[in-house]
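Paired with subunit B in one complex and with subunit C in the other, subunit A is shared by the two complexes that follow.
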Partner chain A sequence: MFQPTKLIAAGALAVFASAGIGLSAQSDITVAMQLEPPHLDPTSAAAGAIDSVLYSNVFEGLTRFASDGSVTAGLAESWDISGDGTVYTFKLRSGVKFHDGTSMDANDVKFSLDRARAEDSTNAQKALFSGITDVSVVDNSTVKISLDKPNGSFLFNMAWGDAVIVAPESIDGIKNKPIGTGAFTFQNWVQGDRIELSRNSDYWGDKPALENVTFKFISDPTAAFAAVMAQDVDVFTSFPAPENLPQFEADPRFQVLEGSTEGETILSTNNKMPPLDNVKVRKAIAHAIDRQAIIDGAMFGYGTPIGTHFAPHNPDYVDLTGNSNYDPELSKKLLAEAGFSEGFTTTLKLPPPSYARRGGEIIASQLRAVGIETEISNLEWAQWLEQVFRGKDYGLTIVSHTEPMDIGIYARPDYYFQYDNPEFQSLMTELNGTTEPGKRSSMLQKAQRMISNDYVNGYLFELAYTTVANSKVRGLWKNAPTQATDLTGVSWAD
Partner chain B sequence: MKNGSLIFGALLSVLVIIAAGVSFLWVPFDITQLSIPDKLQTPNKIHWLGTDHFGRDILSMIMIGARTSLAVALLAVGIGFSIGVPLGLAAAARKNSLIDEVIMRTNDLIFAFPSLVIAILITALFGAGAMNAIIAIGIFNIPVFARVSRGAALSLWQKEFILAARVSGKSDFLISAEHILPNIANLLIVQGTIQFSLGILAEAGLSYVGLGTQPPIPSWGRMLADAQTMVSFAPHLAIIPGTAIIVTVLGLNLMGDGLRDILDPRVRKSRE
Partner chain C sequence: MISLCLASVIIFTIVEIAPGDPASFMLGINAQEDTIAALRAELGLDQDKLSRYFSWISGMVQGDFGTSYTYRSPISNMIADRIWVSLPLALYALVISTLIAFPAGIYAATQRGKVGDVAVMGATQFGIAIPNFWFAMILVVIFALKLRWFSAGGFVEWENGIFQSIKSLTLPAIALALPQASILSRVMRSALIETLSEDYIRTARAKGFGKRAVIWRHALRNALIPVLTIIGLQFSFLLAGAIIIEQVFFLPGLGRLVFQAITQRDLIVVESVVMLLVFAVITVNFIVDIAYAIADPRLRRRV
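Now for the complex of A and B:
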């Protein structure tokens, strides 16, 4: 029998129910990403996934990166730099408390920096602290840091996730229970699945709009697509399958943010392995590569071509793509000059991301067209780190270098691509001792030209930072100036 | 029709074999040259089965992929056959001896592992690639052939004509080679056909997880894996290699069933 009243009641209930879900979602968010952190101490591991969860949300440093990549005040509200540029005096914010209730003061800063630069430190970026000769506590809220020589990037260095301030009381358990000063407190970590944070009601700065945050880890691109489509997750940062982005863009439920990263995606070349030690051969490889085909074919159009190891959105960037334009005929000529008119065979070892696997197939085809045969092998990250990064047992590989301002790696002859140019090394030493912005910028430009002219690696494209989010989420970072998912300014639109 | 499945299965198998054979001489497009601007076309007049995400012609990929599948499966079954059958015959000739025990218990050990797990173990240890995939699939074919040939040979050893051969002084080796083997050949052919189709599935599975044939050599399994994230907007990328695998495996299985009906004396007897 048909009962209209029951039907109406049921309908009303459904409306209330859905409104209820809508309301509770206003302050909760689920953010998904591909990689899960190995542990939760950003000061003792290179894994970017740690910073992706904790930077700015849980841990803060003296200075910090803003969403545009600029360096602003963090736990230090102001600082003075001595006339000779070697002494930094930081004035700390007052009333800052760690999540365990203890207050953050100058002793914590001294502890953190001394720990990071110590002989037995496991910090992944020890170079950031190498110039520090002394850290002294002036009073509870003032810290004086002395450097061996002026360092133009010291404030920038202190903004890194590896330089965040930790407390001696909580350091023992930091890998599983991180205690910082940030706007969110760590709640729970279900390994293999998710990390939960919640709002820190004692936060010193502006209180975040979000109450509960869940980071979910979904490594499989197909599962990532399904999770977003089903709206199981509200945000997916660095979405792993660029081919799916047009679909999200066309769907009014979602927004796609396309920004820049610090990820220079390069065809890394073993500069010590014959015949790749010959600059003519490397130049031939550079001219054999059609960047646009790689961006279109591997990244479905997402990415910016680069001609050197530098981020295109940086004001000091020089566009050197013309230096290695796509010219297979020139490439063949260069190979002949180098004595390889018949071509040669080398290895191409590819880590898992799709830019490498797909980009590798495209590059293999482009190299084959000029006579260079490549033996492709697909490696998992652990194997790649072992064979390529540490073992230097490779000819070519494709990888994205995501650290900001990392042109300095070319001054390390033992780095995995083994570029050894004393001229470049002295330029970098000079750069590190220079603080004047104008001089720094011309030195950086000189450095970019130098590695481009030496064809150290094949420079492909700057990785795009693509975030898929519910169309009602506001305040997400569009760009990724450092590895971070800063949720302090994120909110839901009504 | 009595042999309907045999004829249908043989037709499908021959189709695949022809596609593989023709690919040696001619394919519609050169798949080593990628053409990104032509990517993700649906089937049309120029590209009969469309193009993939690199703009490669899918028909050409399928044809060369057939070659890969057949070659890997054939070699793998070859390994299983040439090692498994002698082992099985030896075990049967020395029934209940130490040799029999060692051979058959080792077989049981290999058999106890799911075949794909062995394959993954081998390729993980020795690296991914077509050769290691062949060895991996071959190894789990050994116990299959060993068991089949031992079982069939055991009953033959009881027969009078074998007894006659023994009385006349023939060695066990010669008896196995000259009298037992020809009499179990039918059975082995049927088993070989079925193992062949399993080999094709295994190759596709290994390539799907990235442990089989490496790029740029096309493989149906890897085509499926590549298509995975694109199914929502380019379903033909997955449907076409999926269909190719189904057709081949179905064809070989039907053919195997049909052959068994004709060749296997046990089945033949029960039907008569």
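Now for the complex of A and C:
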């Protein structure tokens, strides 16, 4: 090793140490992520980045997600469900205050839910509230919510970031100055750079260990690597350069957390476009795909193979990967049976994420091996939404469906897969009306099998959630049951 | 003025015909049609294109660029924040570029055909060929990761100390300046060589001036015209072209704003920032014209 360099480096470090940034005290933390929120209102945009900063930290709902994806009590400390499953009576916690000092009571709950389901609502998940027929204030700490029919996932729906409780007093400024009830208060947003939060000393629950939190936005994967290596940031969630993770794993200064998300990454298939409307052709595509090659090649080994549209960490998950195992010979045989022994050509439209762009090329070559040619086109998200999602002008596309528990989308015949199976649709209706956990579980499993046997889409893998952090940081979420960076339980070791 | 009007029409048309609806992008794949319609109404996207164009233009004339679709804050404020990163960065890079290019170009011209000339020209060839984002990454690896003299990126606001801010802009400015310095030194060299072959230089030499004195008193000033043109072009490039460098160093500048706005279909921000850059380019060209006149009094009559 060239020793003088080290000496110079040490000297320079001493000179610059006093001026350094990112040298935080042990109660402060800097968390980096790739995407910056467009604004700070979780109830009027789909951008996951908003929840990544604010969910549970600043805003809370009646119920909330725990790190394992289960639903627990939030601002409601308990609830009663009427015998027929259509009336939910929530008992709110007492003494909860918004960050501006106003108290959180039943009127705020009514305001929040009515706002979300109003005619001019801009809530990106308005469907979560569509079954609500009435929200009434019983007393200051009791709210009664009536539904048009039983909804087994209502408590789950109320845990979403889109269902957090906001106050009429502060709603006007929410997009730039969010006022919630969470353990951290919003301090400052330097657009394009960072958002700062600090501990809420009036928090109703356990006080967080952290004093000051800075969220920093670094979109370039190479810059992300450099920022973590230089220890400018303490935590990087959803680290964008998986190829660099082994380097962090080998470095004692860092820890790498590998968990899973709710992101089912699938080869979405237009079930109405010939020849993809033929189940034999879809089955042939499914057997032509080598999932592990895609996980290794596109995701550097991070990701869990799936055989249906369900998160593997969910207790109700059924491993159906054997249903569509990699078997190119079978695939060719199926194509011949379907009348395509010479193969065919279809489109493969790829949105920007690397799972799609890198994965798309691997899939294209795997399909070519069985005789299916794909015309690849790379799209921006806005184009993808317009052409593929709304216009349904595509044969194949790759996308990760990150909404939790979203198997219900297969019951929508106008959804961009255009899968129209009345049997599946009635199963979903039945599921929504069922609250008994055992029955729900077997229905969900039946649903998984149904779409797997119909080869609606090519099921690839569950997106991994990889976090790189300083090895002294404790209490980070390993999994991402929703897009959140819950810092209420995070602390520094020593 | 005419060019500004023309530019505004072109920018508006191009941005508006690009596919992708801002409202449906913001609300994502689970949004219902009525929600998207409600947001379009809230953003004013339901009005026809012509009236949106005129409200944009009339606002801009009064210094009001409108409100960002995604950030929902006034674009003028957003630009004002970002310009304090991008403008100093461009100026800083320009200073570095000039400080390298002038001595290098002059030296190469005086050493024409000799080893020194070949060495400088070889180095500039190298400087032009290296992509600046790659050079930026190398700078980060050496100075941030190995030597730890600088942080790997980010910007320290001016309120927190001018020295800190300048320091945080140093690596990006060097990365931006290197290719510009290479181009500029080549221009400097060829302009000076051309001037040195003029008759009046020979006359000056014949009058007994030394080589050095001839270069400083006669040749340099006359060689400045093409150099100033290039500097003007480079400044516009540095202001607008820092998009990639701002990504690599995660600086909250104009380039990053445009980049984010394009991917988020924040059309009005894209239009306004591009318009501002057009204005900047025109202004810089005007300043360059004035500088010509200072450098070469003969041009004053023509301006």
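FYI, the second predicted complex is superposed on the first by the 470 of 494 C-alpha atoms of A that agree within 3 Å, B and C clash if a C-alpha of one lies under 4 Å from a C-alpha of the other, contacts with A are read in each partner's own complex, and residues count from 1 in each chain.
We adopt the following convention: contacts are C-beta pairs under 8 Å (C-beta built on N, C-alpha and C of every residue); 3 or more make two chains touch, one makes a residue touch a chain.
As the structure is a computational prediction, the values presented were derived from the model and not from experiment.
Colleague: Tell me which partner A:Lys280 touches in the superposition: subunit B (first), subunit C (second), both or neither.
Modeller: Neither: A:Lys280 stays clear of subunit B and subunit C.
Colleague: A:Arg358 in the overlay: touching subunit B, subunit C, both, or neither? Say first, second, both or neither.
Modeller: First partner only.
Colleague: With both complexes overlaid on chain A, does A:His39 touch subunit B (first), subunit C (second), both or neither?
Modeller: Only subunit C is touched by A:His39; subunit B is not.
Colleague: Looking only at contacts as defined up top, I'd like to know whether subunit B or subunit C touches more of subunit A.
Modeller: C
Colleague: Give one of first, second, both or neither to describe whether A:Thr222 is in contact with subunit B, with subunit C, with both, or with none.
Modeller: In the superposed model, A:Thr222 contacts both subunit B and subunit C.
Colleague: Looking at the overlay, does A:Lys472 come into contact with subunit B only (first), subunit C only (second), both, or neither?
Modeller: neither
Colleague: So, A:Gly192: does it touch subunit B (first), subunit C (second), both, or neither?
Modeller: Second partner only.
Colleague: Identify the partner contact of A:Asp296: answer first if only subunit B is touched, second if only subunit C is, both if each is, neither if none is.
Modeller: Only subunit B is touched by A:Asp296; subunit C is not.
Colleague: Using the superposition on A, tell me which residues of subunit A are in contact with subunit B and, in the other complex, with subunit C.
Modeller: Of subunit A, residues 222 contact subunit B in one complex and subunit C in the other.
Colleague: Going by the contact rule set out above, which residues of subunit A touch subunit C in the complex?
Modeller: Subunit A residues touching subunit C: 5, 8-9, 12-13, 16, 19-22, 36, 38-39, 44-47, 119-127, 175-176, 190-193, 216-220, 222-223, 226-227, 229-230, 232, 352, 380-383, 385-387, 389-390, 403.
Colleague: Tell me, which parts of subunit C touch subunit A in their complex?
Modeller: By the definition above, subunit C touches subunit A via 19-22, 24-32, 34-35, 38-39, 41-42, 70-73, 78, 81-82, 137, 140-141, 144-157, 163-164, 167-168, 247-250, 252-253, 256-257, 260, 263-266.
Colleague: Note which residues of subunit B are touching subunit A in the complex, please.
Modeller: Interface residues on the subunit B side: 32-34, 36-37, 39, 53-55, 127-129, 210, 214-216, 228-230, 232-233.
Colleague: Over in the complex, which subunit A residues touch subunit B? Could you list them?
Modeller: Touch list, subunit A to subunit B: 221-222, 225, 241, 243-244, 246-247, 293, 296-297, 358, 360-362, 364-366, 368-369, 376-378.
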